[in-house]
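One chain, subunit A, appears in both complexes that follow, with subunit B as partner in the first and subunit C in the second.
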Partner chain A sequence: MKKRKNTAFDYMVYLILAVLGFLCFFPFWYVFVISVSTADSYLADKLHFLPHALDFSEYYRTLVSSGFLRSFGISVLITLCGTLIALVLTIPSAYALSRPQFAPRKVFNGLIMFTMLFSGGMIPSYIVVTRLGLANKLPALFLPMACSAYNLIITKNFMTSLPVSLEESARIDGASDITIFFKIVFPLSKPIMAVMALFYGVGIYNDYFNSVLYISSRELYPLQMLLREMIVANTMQSSMIGLGNLTNKSEIFKMATVVISIVPILCVYPFLQKYFVKGLMLGAVKG
Partner chain B sequence: MESKRKWSQVPGALVLTLLLALSGCTAASNSSEANPQSTGPASGNSSEAGEPSTGDAAAEEPTEIRFFRVAVTQDPTKDRVLLELQKRTNTKLEFVTAPWDQQATKVNTMLASGEVIDVISMDDGAVDYIGHARNGTILPLDDYLKDMERYPIESMIAYDDVYQKFLVDGKSYGIPCLNQPGGGWVAGIRKDWLDKVGLDVPTNLDELYEVFRAFKEEDPDGNGQDDTYAMIVAQIFDSWGLMMRLSSPPVTWTENEDGSLQYTGTSEGQKASLRFVKRLYDEGLINQDVFTIRDRDYCLNDFTAGHSGIGFSPMWAKSLAEVKANCPEAEVELLFPAPHDPRYTNGATVNDAGWSWLVNVLPKTCRNPERVLDLLEYLNTGEGRKLMCTGIEGIHYDRYEDGVFYGISQEEQDKDWDPKDGEGPTGHPLWWGLTSTINGTIDFEAYPGDLLSAMQNCVTFVSEEDKADNPFYEQRKMICEVMAHELIDAKLETASTYSGKLSSISNEYQSRLILEPAENFDAIWDEYVEQMHANGLDEMYEEAGQWLKENGK
Partner chain C sequence: MRRVLTSFKRDKWLYVMVAPALLWFLIFCYTPMFGIGIAFRRYQPGMSFFSFDGFVGFKNFQNLFSDHFFWRAFQNSIILAVMRIAVCLPAAVFMAILLSEVKNKVFKSLVQTVTYIPHFLSWVVVSVFCITFFNPETGINFLLKGRGLSPITLTDNNLFRIIVVGADMWKDMGFNSVLFLSAILSIDPGLYESAAIDGAGRGRCIFSITLPCIRNTILTVFVLWVGTIIGAGFDQIFNMYNPAVYATGDIIDTYVYRTAFSMGGDNYGTATAAGLFKSVISLGLLLGANAFSRRIGEEIIF
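Take a look at the complex of A and B:
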């Protein structure tokens, strides 16, 4: 087959895509360049297109600064626990809601949809969580969002697409509902489980607002909260009282911290990105 | 078979019910019994009775106090300074904290949820202090503060003229934090650069202009390159404040010569300040990215790196060492008072709005207001300040005499806090802002009924080393000498309503005044003043005028 020759229009599309790609990539590059700059090169270069020097000392400072590794561990822990609990709740629930023989499914669907559209609000949530005794405890960082109505509906849509005939043949062979779920539905649901694991995992890993509300002890800070404190809070305090970051390395320190914090997501995301797209498509075309 | 299938649906229904409970939010009842953290109002809570308790019961058992303050990094069960504080005040402290930029969310949520919290260090700029006072979510303190013997310092602070704005309808709802104005930021200038270009320390605008020109054009660092400015100017924070104060006082309201009220932001002095900046900008004597710099540390960092000749630091005692590390030949002299036009201002770059910013309030869930006030009272005493600023005598330092700490042990301090992480290199991380930002002691008794004089004559803490060879250690005290005074000592409700909008208008027009052609300057200024009046300034004038009339000032 003869290869089609690129037209001027194609080149224009390439150019536009290249510009868009650059616009997406440059913020990361900008942050990285500053993070490896020396204090002098940071102040001398206003644009930070290219690193004029390579200095990783602020990375070292970030890694050894008090609490970084502990907070990183906490983030990993709550991400794993939260994702596991969320999957345990979401997958079976979605399966039940997707089966026509489950008579009250429409009622439950309606109620779940209602919670998605009309949230109780921050203060009722705060009251529930604190009165459950979860304040300043790690479960407060993943239990309140243990099941997302949005994710549940996407998963339910996926389950609806599974052929009922598979279950019927299993039932003829004497399989119970539990057996059908674990032996038939569960293996077929791996793609949606991967998507949900990513949705929940990235959400919990990146969340800091629940920490603001529920965590008082610095020893329980997850990574995002610690980073926020390092980048925003300390800067504000030092600006106001003139302590701490009276050093021309503070901006480099911030950028090094940002780079380190996004590394775990950068490592995982490219390999599972296709599932993200798949998950969004599932939500879009089924229902 | 059919029946069995129906029964098998029951667990699914239960799981879904649980999910609904998790994904929705149940508005729990507001009863204090439901709160597992709450012990309810203690028997000693006399807020209903209106009479302070004796506090005898508290003398036996440590009083539990949940204290909200932003950015607390210390653990009261491990930190030796906090352990000592708890021992001296017979309290058991628990700190609840949040990042600086999230304090309003956290405080409002706690207050609205009825969570037990005993004292809140509230930023009245971020949280609606007056609203909470009027809604009854924070306690009036007048009944407690009547006990002048028990709370002599707090009674003085709460009702003094300096902190009038914290009185709501004549009642006290909080103990203001003793703040030094503007955080103590003062400009400093490279004296060695001045010597090279043959100029003296500038005192007026003409001399300052010459400095800006010479530091830009005459290669003061001697490297043969055009790479220096007199000062990095940015529309945020320090350096902009210095520029705006050249011809206008750092207060919100002033008085015109005819005695009429004047909003400083639209005054002739402010216009003159902006015109001066405009001239520098047009002639390339200041950086051209005035309105895009968002790094608050940039001005000082550029100065310490040796690229500019005027810096702005809250603590020259520390900044000097950093400048010397980069430029050993550097000599720094404070620009104090700042160069100014005496027709409009006295060179103050900080105002007494800075005196009033943080306030300690007692929410209605406070379990023992008397004991909380005892704690706050202690923190403002000389002993309390010494403990919170430098630590425990015999451990963190050897001895103290007339403001000087001898034998400060960095090794012992490092065991309790980490200066490398910005947790307060000069002292304990909580020395600042818990009840005071003054790094020193105040003799309240020597100035009865005159808090301002008491603060102005504070004894500033210093290490023996700094006392011997650091000329800047008393910076925070010095700024009080030229401090400007607010004409309106009140928190205007119209200011709360309109200040955000007025600030946006002001920022927008400031950039237009500087960036647009010089011939448009007067027209843009007139448009700016008109916009300000049309968007809330008229209402603020009316309320401020009424306040002035009622308070006879």
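Take a look at the complex of A and C:
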């Protein structure tokens, strides 16, 4: 296609996208501006659209505050453990379920698909997890999320698309299924493993539901739970009883904490963007 | 019988590989399903999970259906789900079409980078953003107050749903557009070239080529959303709502949570009944949406 000159249509597209991009960016900016305010500059300009100070002392206060680093450590720990377990559950089983010669494949697939249609609901799941002895224990934060029908189906689709010729020649040489899996399939599955690690990892790091259900002692709070307790609860109360101004110092502290808590996500974001998009495309190939 | 045995022996490693995942589904998905019997029992913590001790028939459902707070939560769930589908789905398609029309690669990847980021934040963080952004004293509300307009707050029943759906859109619009964008990019460029030769403008091409070509993708996403969207949103609502907006913001999941956990433990039966009701409704909606998409499109999902 030959290059066309920009028309009014193009400028319209650029304008709308620029506005949408700005709207996505602005809340980040707004929170950042508050987080680097001093108590005086916070009160001086209530708009907070432009920074009047660049004071990182509240960041320091967050990092040395009791609980923040521990909660952050817990979040990292459950994310790592959960992702590892999720991969162990997802990758080999997706391979087995993608083998056409595997007799009970259809039944197992059906059983797994059904969980996408119907679930027992919050209370029965809660009772099962607590009966397993997981109440107020860290595994409660990742075991219930360690597998999912949707991810299994995406992985299975990927496995189906692997070339069968390699596998056949290995089989002629007398290799067993387990050898084939570790020597041939495993190395070829690196892209889908990256996608799945990110799907599960981000899900567990960001999850709030399981922690509010199962974790009651403060020493075990993951980051999301700490943030919620520190920010949502306090702000609701103070804005309702009109203490907004009295608590401006802690407002800056809260925003600094939020900014620090999203830094890990921003650090892995380049990978996230690359692999998530890939994963969504894989999922889009219907199986 | 021999054949089954030989195939079992041959595939023993495959069984070993699939066993952990099946065990997981058995424990975390199927065991809770057997627990829906609790909806028909007066369940006390410590009672056996599978038995029918304290069977009360449909009494929990009677309690539930006579509770107008339940109907309020049910109604809110439906309204929010409809708003989400009606606003977020077209918005994602719109965004994908705009992105596909951009010729400048740098600008395109910049917009994609910025609009995908919010997807990776947790709902706790997004609700902090909302609470801060709509703080009654500062920022946008300070601006509105200065002009004598009424502020936008999270305690306003007239605005709460709009803010919830807006936050949803802010978080996921860019990301939801990925699927549609990939569908658009897989359209045969020859179609556009021949349309251009026939004198079709770009607006015309969008309506006559792009949209019809991605219709099946839109339908697929529509069906999947209908099935899950009534259940979705606990993390979001739970972190954004407050007693002042229960009237418009309480959804079934938050209702279930409060019924079971804020009033002692003996409402498990009623809470399970509410959850079961929700599961059945979303299953019905999913099958309905699937039948609908089967009628108007070729794609069949289930």
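A few remarks follow.
Please note the rule applied: the second predicted complex is superposed on the first by the 266 of 287 C-alpha atoms of A that agree within 3 Å, B and C clash if a C-alpha of one lies under 4 Å from a C-alpha of the other, contacts with A are read in each partner's own complex, and residues count from 1 in each chain.
By our rule, contacts are C-beta pairs under 8 Å (C-beta built on N, C-alpha and C of every residue); 3 or more make two chains touch, one makes a residue touch a chain.
Everything numeric here is computed off the predicted structure, so don't read it as measured data.
Overlaying the two complexes via subunit A brings subunit B and subunit C into a clash.
Of the two partner chains placed by superposition, only subunit B is touched by A:65; subunit C is not. When the two complexes are superposed, the chain touching more residues of subunit A, out of subunit B and subunit C, is C. In the superposed model, A:23 lies in contact with subunit C only, and not with subunit B. In the superposition on chain A, A:144 contacts both subunit B and subunit C. Judged by the touch definition given at the top, the superposed model places A:100 against neither subunit B nor subunit C. With both structures placed on the common chain, the touch criterion links A:174 to neither subunit B nor subunit C.
Legend: residue contacts after superposition of the two complexes on their common chain; A:219 is shown touching subunit B, with no touch to subunit C. Once the two complexes are overlaid on the shared chain, A:133 sits against subunit B while remaining clear of subunit C.
Touch criterion met: A:207 reaches subunit C, while subunit B stays clear of it.
Of the two partner chains, neither subunit B nor subunit C is touched by A:187. After the shared chain A is superposed, the part of subunit B among 56-64, 92-100, 110-118 or 524-532 that runs into subunit C is 110-118, by C-alpha clashes.
Residues 46, 89, 92-93, 96-97, 101-103, 108, 111-112, 115-116, 119-128, 131, 143-144, 146-147, 149, 152, 176-178, 212, 228, 232, 235-236, 239-240, 244-245, 251 of subunit A touch subunit B in one complex and subunit C in the other. Remark: subunit A residues 1, 7, 9-10, 13-14, 16-18, 20-21, 23-25, 27-28, 30-31, 34, 46-49, 88-90, 92-93, 95-97, 99, 101-103, 108, 111-113, 115-129, 131-132, 143-144, 146-147, 149, 152, 176-178, 181, 202, 205-209, 212, 224, 227-228, 231-232, 235-236, 239-240, 244-245, 251, 254-255, 258, 261-262, 265-266, 269, 272-273, 276-277, 280-281, 284, 286 touch subunit C in the complex. Put simply, subunit B touches subunit A in their complex at residues 5, 8-9, 12-13, 15-16, 18-20, 22-28, 30, 34-37, 70-73, 75, 94-102, 105-106, 109, 112-115, 183-185, 227, 237, 289, 295-297, 300-302, 304-305, 307, 313-315, 318-319, 322, 418, 420-426, 432-433, 437. Residue ranges on subunit C touching subunit A, taken from their complex, read 4, 7-8, 10-22, 24-25, 27-36, 38, 49, 95, 98-99, 101-104, 107, 110-118, 120-125, 127-129, 131-133, 135-139, 142-143, 153, 155, 170, 173-175, 178-179, 182-183, 189, 193, 201-203, 217, 220, 227, 234-235, 238-239, 242, 244, 253, 256-257, 260, 268, 271-272, 275-276, 278-279, 283, 286, 302. Touching subunit B in their complex are the following residues of subunit A: 39-40, 43-44, 46, 61, 65-66, 89, 92-93, 96-97, 101-104, 108, 111-112, 114-116, 119-128, 130-131, 133, 135, 143-144, 146-149, 152, 176-178, 212-213, 216-219, 225, 228-229, 232-248, 250-251.
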